[in-house]
Structure formats: C-alpha cells, structure tokens
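To start, I am sharing the structure in question, which I have written as structure tokens.
The first chain written gets the first letter, and so on, giving A, B, C and D; residue counts start at 1 in each chain.
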Amino acid sequence: MTFDAVSLVLIIPLAAAAVLAALPGYKTSSRFNILASFLTLAGAVDLVAHRPPLGSYFLVDDMNIVFIALNTFVGFTTSVFSASYIAHEIRTGRLTPGLLRFYHVFYQIMMFGMNLALVTNNIGLMWVAVELATLSTVLMVGIYRTPEAIEAAWKYFILGSVGIAFALFGTTLIYAAAQPVVGAGMNGMTWTTLLAHSSAFDPAIMNIAFIFLLMGYGTKAGLFPLHAWLPDAHAEGPTPVSAVLSGLLLNVALYAILRFKILFAANAHVIPPGPLMMVVGLATAVFASFMLYPRHDIKRMFAYSSIEHMGIITFAFGLGGAIANFAGLLQMVMHSLTKSAIFFSVGHISQAKGTQRMADIRGLTESYPLLGWGLVLGVVAIVGMPPLGVFMSEFLTISSAFARAPWLALPLVVALLAAFGAIMRHTHGMAFGAAQGEIRPSEASFIPVFIHLGIVFAAGVFIPAAVVVWFQHVAKMLG
Amino acid sequence: MGTLDFNIAHMLAGALMLASMTMLYQKRLFALINIYALQAVILALSVAWQAVLQHAAQLYITALIAFLFKALVIPYALHRIIVRLRIHREIETVIGTGPAMLAGMALTGLAMAVMLRATANVDLLAREDLAFALAVLLLGLMMMVTRRNAVSQIVGFLSLENGLILAAAGTQGMPFVVEISIAFSILVAFVVIGVFLFRIRERFDTVDLRALDAFRGERRLAEAFPATTACNEGDEMP
Amino acid sequence: MSIAALLCCVALFIALSLLSAAVNRLFNATIIIYCACFAIALVMLWGGVVHLLTHASDMTIVLPIGLPWTGAHFKLDALAAFFLVVVNLGAATASFYALGYGRHEEAPHRVLPFYPAFLAAMNLVVLANDAFTFLFSWELMSLASWALVMAHHREKENARAGYIYIVMASFGTLMLLLAFALLSGPGGHYVFSGMQGHVLTPLRAAVVLFLVLLGAGSKAGIYPLHVWLPLAHPAAPSHVSGLMSGVMTKVAVYGFIRIVFGLLGGTGEDGGMAVLALGGITAVMGVLYALLQHDLKKLLAYHTVENIGIIFIGLGLALVFQADGHAAFAALAFTAALFHVFNHSLFKSLLFFGAGAVQTATRTRDMERLGGLIHRMPQTAFVFLVGCAAISALPPFNGFASEWLTFQAIIQGPVLTHWGLKTLVPVAGAMLALAAALAAACFVKVYGIVFLGRPRTEPAKSAVETDRFSLATMSFLALLCLLAGIFPGVFTSGLTPAVHEMTGAQMPQHAIWLSLVPVSAVRSSYNGLFIFIFIVLAAGVAAFVARRFGGGAPRQAPAWDCGFPLDDPATQYTAGSFAQPIRRVFGGHLFRASARVEMPPPGSLAPARLIRELHDLAWEEIYKRIAARVLCIAERLNRFQVLSLRHYLSIVFFCLILLLMVLTLWF
Amino acid sequence: MVLIDELILQGVQMTGVLLLPPLLLGVTRKIKARLLRRRGASVFQPYRDLLRLLHKRPVMAENASWLFRAAPYLIFAFTWSAAVLVPTFATGLVLGRSADLVAIIALLAAARFVLALAGMDVGTSFGGIGSSREMMIAALAEPAMMMVVFTLALIAGSTQLFAIAAYMASSAVGLRVSLGLSFLALMIVALAENGRIPVDNPATHLELTMVHEAMVLEYSGRYLALIELASAMKLLLYVSLIGCIFLPWTLVPAAGGWGACILSFLFYIGKLTAAGAVLALFETSIAKMRVFRVPDFLNVALMMGLLATLLLFVSKGF
C-alpha cells in the first residue's frame, strides 16, 4: 500500500494543526496556515498525477480525485483570503489572538476531516471523518461568541449530531446487509468490496439504509427539510468558514451520498435512489429559491443560494444519465468556486461597510469598484448567466431534464427563475444606486476572488478535453 | 447460538427500549437523568454480552466506555449543570404517561414493522438488536422533539445514541465499533461542554416567541426593519 | 467573406470590450472604442451584404469551445446574412452616432466595456448554429445590454428597469432552453442540423411554439411580455436605446424565425393563427400605450412593441400560408416581415438618435417640458420628421412599403381553408390599419409637442443643435429610409435568398424592378419611384405657381388669440391633451382610464383639479400579481427561518417517520 | 400612337382633378343654399375665392417655422397624387398602375399627417384641438376604409382600382349584400374624411366644434388657397372613388377612342353634380354630432366593413 501518496493530503493538515496549536502570533500562524494549505494542495496535485493503487483503507479514483482537487484548492485560496480577513478582525477586536489560534487549528483539522472522508475506502471511516469535519466547523461557527453565533452553532450542532446518528445507523445497516454476503469484518465496510457484491445484498435492508443515509448526509448537504442549520451557520460564523462550508463541506456530504448512490444503483432490487434524490433536490431548490426573497443578511442570503444549488445538483445526480451527471458534477465544481468567491467578496464588503445588513450596503460599484464588480460578477455567475460556467451546467441539467421528464423540469425552472429574481433584486440594491455611508479604505485581497471567477469564466467558454473525458468517466460511474 | 444466549440479549435490548420509553414521560430532570444512567448500564451489559457471544474482545472496551462514561461521568456532569443552571426544581410539561406509552408503542411498532420485515436474512440476534435499536432511536428523537429544556433534549440525544451503539455492537463482527463509540463519546462530551461553555441557559427554547427570537439574527433584523407584508399589500418590486 | 473572418470580427469586438475595461478612463477612450466598433461593424456589414447579394452558399465552422462534446457551431446562411446586415448596419450607425453623443456621457466607464460585448453577442446569436452557442450568446446579449441599461444606475427608475429587464430576459432564456430541450430530444443533439431531422408529435410541436413565443417573444416585446421593454430601452444611453429597440428586438425575431421556421419547420394552422393574433394584439396595444405615454424615449420603445406586432403579423401569415400549402403567399408574407424588420431597424434607430439629441440638448425626455425645438435644432427636426413619417407608414418612405406588403399578404387570406383563419385574417387587417393610423396620430403628437409650437421650459428655449456626427448619422438613416421607400423592389429582391431558404418560395421578380409586385401586376403593385417623382413635381408646380402668382413674401403677425392675449406657452396643447380623445375612445376598457374633476368646496380658494387615472392592465393583472404571489409564498415559507430548534427536530422526526412508513406500506 | 394617347388622357385626368374640385364644391354649396331657400353664390364662386386668396399677401404667425410654410405644398402634392391615381373617366392610365387603393389611402394619410403637424406648429390651442381630433377620426376611419378595401379585393381579386372597376363593370358581380354594406361603410368614411356634416361642419368657425378649420386657422393667402384646393380635391377623390367602384359602367379604357372618352367625361361631370346634390341634401337634413359621438358613427362603418367581408365568405362559399 502506497501510504505516502495519500498521506500527503492527510498528514500535512494534521501536522499543521499540531504546529498551529503551538505557534504564537496570528500573523505567523495565518502565514503558516497558507503554507500548509498550499502544501496540501501540492499533495493533491501529486495525487492527481500519481494515483495510488486501491487499498482497503484508501481509494483514489476518478470521482473522488475531483473532490480532493477542488477541496484542497478552495482550502488553499480560502486560507489566503482568511489571512487578510483575520487581520481585519483582530484590528477591530472582534477576535482575540487566543481564539485565532483555536481557529487555525480547527481549520486544519477540518481540512483533514474532509480529505479523509474523500480518500477513504471505508464507509465507517468516512462517517468518522465527516463527523470530525462537522465538529470542527461547529466550533468555528461559534467563534464570535455573540448570542446569534452561539445560537447558530448550537442549532448546527444538534441538527448535525442527529444527522450523524442517522448516517451511522445507515452505515450499520449497510454492514448488516453486507455481512451475510461478504462475511464479518473489514470487508463489510470497504466500499469497493461492497460495490462488487452489492447486487447480492438484501434489498429490504438496503432500502432502509438508504433512507437513513440520505437523511443523515442530506442534513450535512443542506437538503430540505434538513437544512435549518445551514443559513445561520453561514451567516454568524467568520466568512472564511462560510466559504468553506458552502464550497467544501456540502460537497463532502454530497460525495458521501453519491458513493452510496452508486452502491444502491448496483443492486437491481433496491428502490432506485434517483427518484427520491430528484424529489428532495427539487423541493430543496424550490424552497430555497423562495427563501431568498425575505432575506436581510447578505451572508444568509448566499447561504440559501447554496442550498438551492445543492438542490439542483442533487436533482441532476438523481436524474442520472451521461448528460445530467456531467452537468451535476460541473455544477458542483462551479458552485464551489463561485460561491466561495462570492463569500470572499462578501467578507470584505461586510468588513468595509461594518454590517451584513443588505439595506445598509448601497452603491458598491461606486464606492468600492473592485469589490462591487467582483460581487456582481460572482452573482452573475451564481445565477447561471454566461459566459460563466454555471450557465453550461444549468443548460445541460434543464435541457436533459425537460427532454426526459418535462414535469420535473418545470419546478426546477420555477426555482431557477425565482432564485434569479431574488438574488438580482438584492444585488441590484447593493451594487448600484448612490453610495451610502463613509468610504473606508479596504485592504482586501482580490486574488482569490478573481482566480476563482477566472476559472469559472474559463470553464464557461472552454473546458479542456482531458477534463471532459475525466468528468465523463465520473458521470459514467455515477450511472 | 443457544436459546438462553439469545434470550438474555433480547431481554437486555428490550430493557434498553423500555428505559427509553420511561424517559418519555419523566417530568423531573433528576429522575430523567437517573433513568438515563440506568439505560447506560443496560447498554454496557448488553454490549458486554455481545462481546461474550461474538468472542469479540474489543467490544469489552465499548462496554467499559459505556459504563464509565455514560453511566457515571455524564449523569454526574448533567447533575452538576442542572444545579449550576438552577433548573433542578423545574417541572417540565411533557406528554402524560398514557399518551407517551401509546406514542412509544406506535414508534416501536413502526420500528419492528420496518426492521423485522427487512432483516429476514440477517442472523437472529442482529435482527432483534437492529429492530430495538431503531425503536430506541425513534424514541430518543421523539423525546428531543417533545422536550423544551436543553438538558432533557441532550438526554434524548444520548439515549438515541445508545440505540446506535446497540445496533453497532449487535451486528456480527462490525469493525470500528470501539472507534465509533469513542467518537460518539467525544461528541457527547462536546454537547455537554457546549451547554456549559455556551451558557445555554435553562431554556433556549420556550413557547414565548419573543424570548426565543432574541437569539435569532435574522428575526431581529426583520423586526427592526419590517419585511414586506406581501400577502396583504401586493407588489413590492424594487 | 468567410465565416471565419466574421468570427474574427466578433473576437475583435470582445477584445475591444476587454481593452476598454482597462483603458476606459483614458481621455480618448470613447473615440477610440467607438471608431473601432464602427470599423468592425462596417466589415461585418460588408460580409453580410456580399453574402446576401451573391447568393453565396452556406458556410459552417465548428470551434472547439463551448459545450465540450458538441463544440461551438456557427453557420452563415442567407437568413443569418440578412440579420447580420440588420445588426451591423445598426451597430455601425450607432457607433458613428456615439462618436458625437458619447462625449456627453457622464460615466463612460460604465458604457464602453459593455458596448462592444453587446455588439459581439448580437452577432454571435445570428451566427450560432447549435443550441448552446445560441443561448450562450443570447444570454450574453441580455447581460451586456443589462449592464448598459444600468449605466446610469443612480436613478431609481433605471435600477428598477434594469431589474425587471434582467428577470424577463432570464425568463425568456429559460423558455428557449426548454424549447431547445424538446427539439434536441433526450439524446442531447444540440446542433441545429441534428434538430431538423427530429419529427415531433403535434403536442410537442405546439409546446415548442408556445415556449418560443414566450422566450423570443419576451425579448422581442410581444404583448403582454413587453413590460420590460419600455422601461429598459429608454434607461440606456440613446445610442444603446437605438440598438436595443432597433436591433436587439430583431435578433429576437431572428430567434423566432430560426427556431419556428428553421428547426420546427413551420407550425400547423392553429399555431400560425396564434402568432397572427398575438401580432395583431401587440401592434394595437403597443401603439395605444405609446399614445398615452409622454416620455419621449418610452414612447419610442412602445412603438417598437407596435412594430414587432406588425412583424409578427407577417410571420403569422407566413406560417398559416405555409401550413395551408400556399408557398408563394407564405413567401410574400415572410418578405413583408423581413422587410419590415429592416425598415424598422432604420427608422427606430433614427428616432432614438433624434431623441438622444433632444435629450442632450434639453436634459429632459418629458415631452411636456419641450416644444419649439424646430427653431433651435432645425436639422435634427428635419431628419426626425423623416423618421416620424417613415414609422407612421406614410408614402414615399420605407415604413409604408413594408406595411403595404404585409397588407397585400393579408388580402391573400381568403385562399385559406381554415374557418377560424378566414375570420381572423380580416380582423388582423383591421388591426394593422388601426395600428398604422394610431401610429400616425402618435407621431403627430410627438413631433407637434416636441418640435413644433413654442418652448414650454427654459432648457427647451435655449437648446442648441446637436453635433455633426449625430447629424450625419441621422441624415444617413433618413436617406436610407427614403431610398428603401422609393426602391422597395431592390431591397426585397435582396431578401430573396433568405425568404427562399425559409419558405421554399419567393416573391415574383418583376421585370420592372422599380415596382413592388406581391403576386401579379394585375392584382396589385406599388411603384415608389413614380409616386415620389410625382409628389416632388406636384409640390414643385404648386410652389412655382404660388410664387409666380402669389401676393409677395409673407408678413409676420401675432397668432390668433381670440382677442385675449396670453403668451404663456402653457396655453398650448399638451401631449396629454392631444391624446385625450384617443384615451377617451380606447382607454375605457383597455386601460381602465378615468378622469374626474375635483371641485373645491364653495368658498374655498383652492383650484379645481382634473384627476386622471390610467391602469396598465398587463402590469397590474399579470406581473404585479405574480410578484405579489411570489413574495407572499416567500413570506409564508419564511416561517421556516424563525422556527425553534425543537420544531426543526420535529420536522426531521416526521420526515423520518413518513419515509419509514412509506417504505413499510408500499414496498 | 397608344402611348401618346394615354399620356394625353393622363394629362387630362391630372388637370381635371386639379380644376374640377372647386366646381364640385360650388355645386354642392349652391344646391345646399337652394334647399335652404337661399339663392346662394354662383357655382364658380370657389374659383374666385381661390384666386383671390392666391393673390393676397399671406400673414404668418410670428412663431411659425419652415414646416408651416412647406406644409401646404406637401398637402397639395400628396392629395393631388392620390387624386390622380383614382380613375375619373378613363381607366388603366399610366400612373394608375403605379399604386393601388391602399397606396391612395396612405397618400391621403400623409397629407393629413402634414396638415395636423401644421396645425400644431404655431402653438395655439386651436391648432392642437383640431389636429388631435382629426387624428382620432382618422384612426377610426382608416380601419373601416381598409375593410372596404378588403371586401373589394376579395370580390375583384385585386386592389388596383382599374382592375376593380373592370370587374365591377362586368356581369360577374351581381347584386351582393357585402357590396351594399361596404358602400355604406365607404360613404361614412368619406363623410368623416372630408369633414362633412355630421362629423365636422366645413362652414363653421366656432372654435370648439370645428376640426379641419381649426387646423388651418393660422393660414392665409396662397397657403390657404392650396389647402382649400387640396381639401376640395379630396372630396372629389372620394366622389370619383365611389363612382369608379359602384358606378363603373361609364368608365372607358385608355385605348377606347376619343369619342368614348369625351362621352365618359361628360358622364363624370354628371356624376359629380349628382354627388354634390346628394351631399347637399344629406347635409341639410342632418345635424352635426358631438365629437365623441363620432367614434360610434365610425365604428358602425368598421363593423359594416367587417361584416361585409365575413358575409362574403358565406355568399361566395370560399
């Protein structure tokens, strides 16, 4: 087993967490945080280049390599953003150096948890890893210690724990179904083994297991009606955490659902998981798009937008087929990049304006042209307009959905349109009109924002053939 | 597997469920915690018995953790919290014994109907354990739903989690049971510490909406700047 | 010119757009950008004209960008070439006009980067040959024009316009996407040539038509999807308004033609009937809205709605004739529609440019604050008059030529066998006539209030003539309006390849190319040149006689005032009072118009007030309700945001119970 | 030489429609006067009026623009070219082929457009009120007129007047309800377009009731002469139009020989006189409407035109 190839993306964050726990001074530690995230990214790149052979603990295939690459990349850019964001928080006294140490440690632990969940071949280990990632984000969400932040963290915590419990029960059931076929022990938890024998499993247990897994990991992915923790956790935590939550943690939960979906799809007697995912996805998208209207808090609004996108992605994967799966995958990548870019701008904006209340943010394109246009560009991307990447994935999702199941595509269209109207309505108010309030200089770091949007832009126009083949292969795996 | 072996396992699992059901209608917090401690002891016994049956040494560790941590440390900590938060005199409005029993039985019935039908091919022991585990899980969740007090909700979650450990231990040869139980213990510790650390006072959840909303960011904004009363007034396009 | 060269031009536009994002604050940026746009547009215009006139064969190209496994397909055929001409003629004139007009721009950095992108997107829509590229360009066009609408974002009105516009545009794109989804089938054959092979069930074809009407119709401004148009077009800088009204709506018409005629292969009679009816309603409603409107640019935008209605009457007729097997008549109707597309792009640009000149000179678009500009801006007044006459369908200008052709197509209606159509076609004819007559009334109002009479405010009194670039552009357009009216046969014969491509037939080519012959010379013909010459001669003779025998040069005297001198300009007829008879006749039901006089109580010194009310029913009955419903739903759902943790847990609990029960009971 | 003949005939037609209108006006006024038991002026009085106006030095309002001066010539030119296109006594003339009935209506619309603009140029309320009402009436009259055209085009298979006349003169027509309806519709439109009672009173100068006169209030001298001539020409045009469509038997084709032409011309004069008489009779026997009754009056025309088309489908069994 080539432990070293995989270990980079696991050990670096873990070691970094240990070092960060010891490092004094927020400047050093934020720089070290960037360095560690960069090394993890390098490790992931190495992983793309040299894929380790299949092991019973680790599995790196076409599918999770997408997630890993995305995860480490956004993790890195977020750490860059985080450095400038944190500096401002220290200066305004919202965070103390002590809390920051805590923050950086958990940042790396969270990265470790997510990477572990992605690379592992073991559904038990995956469960543990997701739990770890969740717990560390809970702590980061509550870091401001305001009543709102504590309320949000507590809600996240309780709902998340219930979700974790469900996922564990589902995992146990999978094992119970597998055990008569593959025998007791580690085999019953190894995903590749499970997949190979899935068709022989007892479908009745698998059905129950699917319900629990979908509800368990669905809570993490923010699917309706299990999403309640998500908006508040995004709104009340530090913005880098919001970016990571939206951009990465939701993906990890989705990844877990997808892995199980493949498992279930391989058994012909199990209730096909697709339709349930489609229904849940649609309900999520429609619900979240309407929830976008009465928002007052900018971060909470974009959190609902993330829920909406998770709904669309779940729908696309539920629909299945080469086109829809490709679209879902593309949408997921694009959403991660775009949404984290938006949160980067939003973080700087709320720092510059000193508020997250949208009614107090006016005329950004005039007062802070780069931030304002960055926000507009991000919003244009997230609502699915060309020339940015989300347009392509939504094009594929809707067209293949409408051609195959017209009645399911209509709610999707309603959701997209409603979300479009809502986000544009709020953005119009913030980006345009006469500028309001004093214009304070902002020392924002625009590089992460524009790197993300640049990639999204490039993907909207041209996707390299290698990536296409890669994604198509994943789409095929997903069935 | 002998009949006696099975019967003992069955009895322990049944007792676990019974404890869950009893918790549903406990009005006093201390009583609630005591029953929880009792449930934890039963869980420890149950897991230990599984260890005997499956010849799985690591399950003893799980049993030990369950006993030490869940039956001793956590109840003690919860006692302390209750005293510190001065809510030990409080009497909760919970559903009465009769309805609680009815609801509990309905949930148990559902759990049985779901699990027993599905697990026809699994070995008998695991089958019973899974069914009881689901029942305990549902009962725990129901308790979380019916209680308004943070501490009793936590207790609900803890009993829910006991069900999970039962299921994990009851399934033949499942790996990571120890790890999972440790992970859960950490989680529970966090929960308990969370209550303490975050100073979630007696009720973060009351019937009084205003008290509730004090901690809700969005609502506060909405109150200060009333939202459009779209349903009454009509259009609000910008 | 090869399609690759055309695409290079588009790429140049895009490069220009990026460049201007970088240099827009430079001193000369405005001139450089508009000059470059003008040059590129001329090249593309040349390409389109050459392709159309030489009857060149279709050219296609596939670029390895866009949708991965499909690539970006482009095709230049006769229809695309014609619309290239329309787009780039508009683009060239707008760019040239902007050389002068753009200097008055207060926020060039909000206009310059988006302007070339807008031009590029419109050209790309026309050239696109697969669904993805088409929608990509389509939405890009919306996005760029939205940015231009938001150029003057500080005004609340503009921000609202931009918002409604972008939402409607997104709605349209989604509808077109659904239409393409049906056309391409579950296999995802997004290339147009692949779609043409599909045979759809009648129901699916009807759904596609419906969706295209919603999608392309919302962009073109079909009633009642037009609401964004009169808000957004005026909000943009005037050269962009001209482009949006004169050209972008035509790109929407192109989309309709490409999908319905090209991909769907026509509709049944019922579908054509729906298009025809919508066209008629749009034409009349558009002009009625315009009559009641006193904002100069908004009024022009409503006239765009009217003219789109006329175009759709032509297209609807072409569809029904096609469905009934009368290819020659279909060709006639189609030619009429295309010719009107071309003509409208000319005079609408001209009018918007004129409006821009007026706005620059007076700083207002409110007609009630203008007046007497013919004295201050004589040249602008002259070319604007040409535009007014052209849009009012008066001979010898081009608007008349194309409406005449449309009417000729209507007169062929009785050959149709469908009874509904037999009744509908004459009604459409009446609506067309009504729209034309009302348009004339409306432009009497426009010209009479804005240019004639006495200045109503100080800025109108001190207005100065506009710059040379603007005048040159407007004069050029006015000349084209006249030429297309005098030599309509030349222009319609240029359309022949496009008409033939879409309908499989063409109008008869008359030996005397000067006259326009829809079917045969015995049935009807129109010779614009003769009419023009006769008019000129008649006016000349009259002038000669009057001068020769008349009683000397005129003497100046005060105007007749009934013996009650009051030289306040407010005593003049206003736009509102001009429209009053028409409001009274048509407004009662269509706009729920009402007017009442509020008398002060006896003894009070307060003046009596006339209170007028108008209701935009399309807005109030459809959009306001939808908006209210959306917000209402949102508010109801918003309770989910403020539930307590216990409630959230209950939701999770009941979900679980529900799913388990479903599982137990059903499986 | 057929071509030369045709050109001569065309010349006669052109001068005819230029010179005859005042006569028609004179005849109408004369008969009207007689009906009111007045002696009335000579039938040639309109000619004298026009000449006198021509010789007078015009007075312009101080605020008048170039449009105000150019308008009379344009109005005259548009009306004349429309009038020339309508066959009076001979059909199939050179110019007659260059445009059809739709174009004639459009030319009249152009004349009206210019006239309405001229009314607004000086900036008095009279001009505005006249222009506004004129355009409203036109907006209602034009669709009705188009319906008439539609009916005729359906019956005769053409919108060219010479073809319609030829068809109507043939025996293929027969008696039709549709024709009757469209005749009535055309009459109403003609009354409205020419500003005759009951739509407008050509003799009034009471500000609040007038339409046409309000627009030309500021004109004088040669400008007024041209406008008056144009409006008389328009009346002649409608009379010729009705004659050519509904009484086409007296028309001769261009190559019909001189004798027939002269005869036809005399018949035409007869038609004019008859039309003047009928018009005078009608106007003396009816009162002017309120302005906002006019739309109802014109809607009747529109309905009749539409009905004529629809009935045609029934009768002809298309």
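Definition applied: contacts are C-beta pairs under 8 Å (C-beta built on N, C-alpha and C of every residue); 3 or more make two chains touch, one makes a residue touch a chain.
As the structure is a computational prediction, the values presented were derived from the model and not from experiment.
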Each chain counted as touching chain A and chain B at once: C
Comparison of B-C and C-D (more C-beta pairs in contact): C-D
Whole-Å separation of chain centres (CA-atom averages), chain C against chain D: 35
Between chain D and chain A, distance of the C-alpha-averaged centres to the nearest whole Å: 78
Between chain B and chain D, centroid-to-centroid distance (C-alpha), Å: 96
CA centroid of chain B to CA centroid of chain C, Å: 66
Touching two or more other chains - residues of chain B: 114, 117, 141, 144, 153, 204, 216, 218, 222, 227-228, 238
Numbers and ranges of chain C residues touching at least 2 other chains: 159, 163, 631, 634-635, 638, 641, 645, 649, 652, 656, 660, 663
Junction residues of chain A - those touching two or more other chains: 154, 158, 162, 204, 207-208, 231, 294, 425, 428
Contact pairs between chains, per stated definition: A-B, A-C, B-C, C-D
Chain B partner contacts - residues on chain A that touch it in the complex: 124-125, 127-128, 131-132, 135, 138, 142, 147-148, 150-154, 157-158, 161-162, 164-165, 168-169, 172-173, 175-177, 179-180, 183-186, 188-189, 202, 204-205, 207-208, 231-232, 235-236, 294-297, 300, 357, 359, 425, 428-429
Interface residues, chain A side, partner chain C - complex: 154-155, 158-159, 162, 166, 204, 207-208, 211, 215, 219, 225-226, 228-229, 231, 271, 287, 290-294, 321, 323, 363, 365, 380, 383, 385-387, 391-392, 395-396, 398-404, 406, 409, 413, 416-418, 420-422, 424-425, 428, 432-434, 461-463, 465, 468, 472
Contact footprint of chain D on chain C as seen in their complex: 371-372, 374-375, 378, 381, 385, 389, 392-395, 400, 404, 407-408, 410-411, 414, 422-423, 426-427, 429-434, 436-438, 440-441, 443-445, 447-449, 452-454, 515, 521-527, 530-531, 534-536, 538-539, 542-543, 545-546, 549-562, 569, 571-573, 577-582, 584-585
Complex contact set, residues of chain B against chain A: 114-115, 117-123, 126, 130, 133-134, 137, 141, 144, 153, 157, 160-161, 163-164, 167-168, 171-176, 179-180, 183, 186-187, 190-191, 194, 198-200, 204, 214-218, 220-222, 225, 227-228, 238
Chain B to chain C touching residues, read off their complex: 107, 110, 113-114, 117, 138, 141-142, 144-145, 147-148, 153, 204-205, 212-213, 216, 218-219, 222, 227-231, 233-238
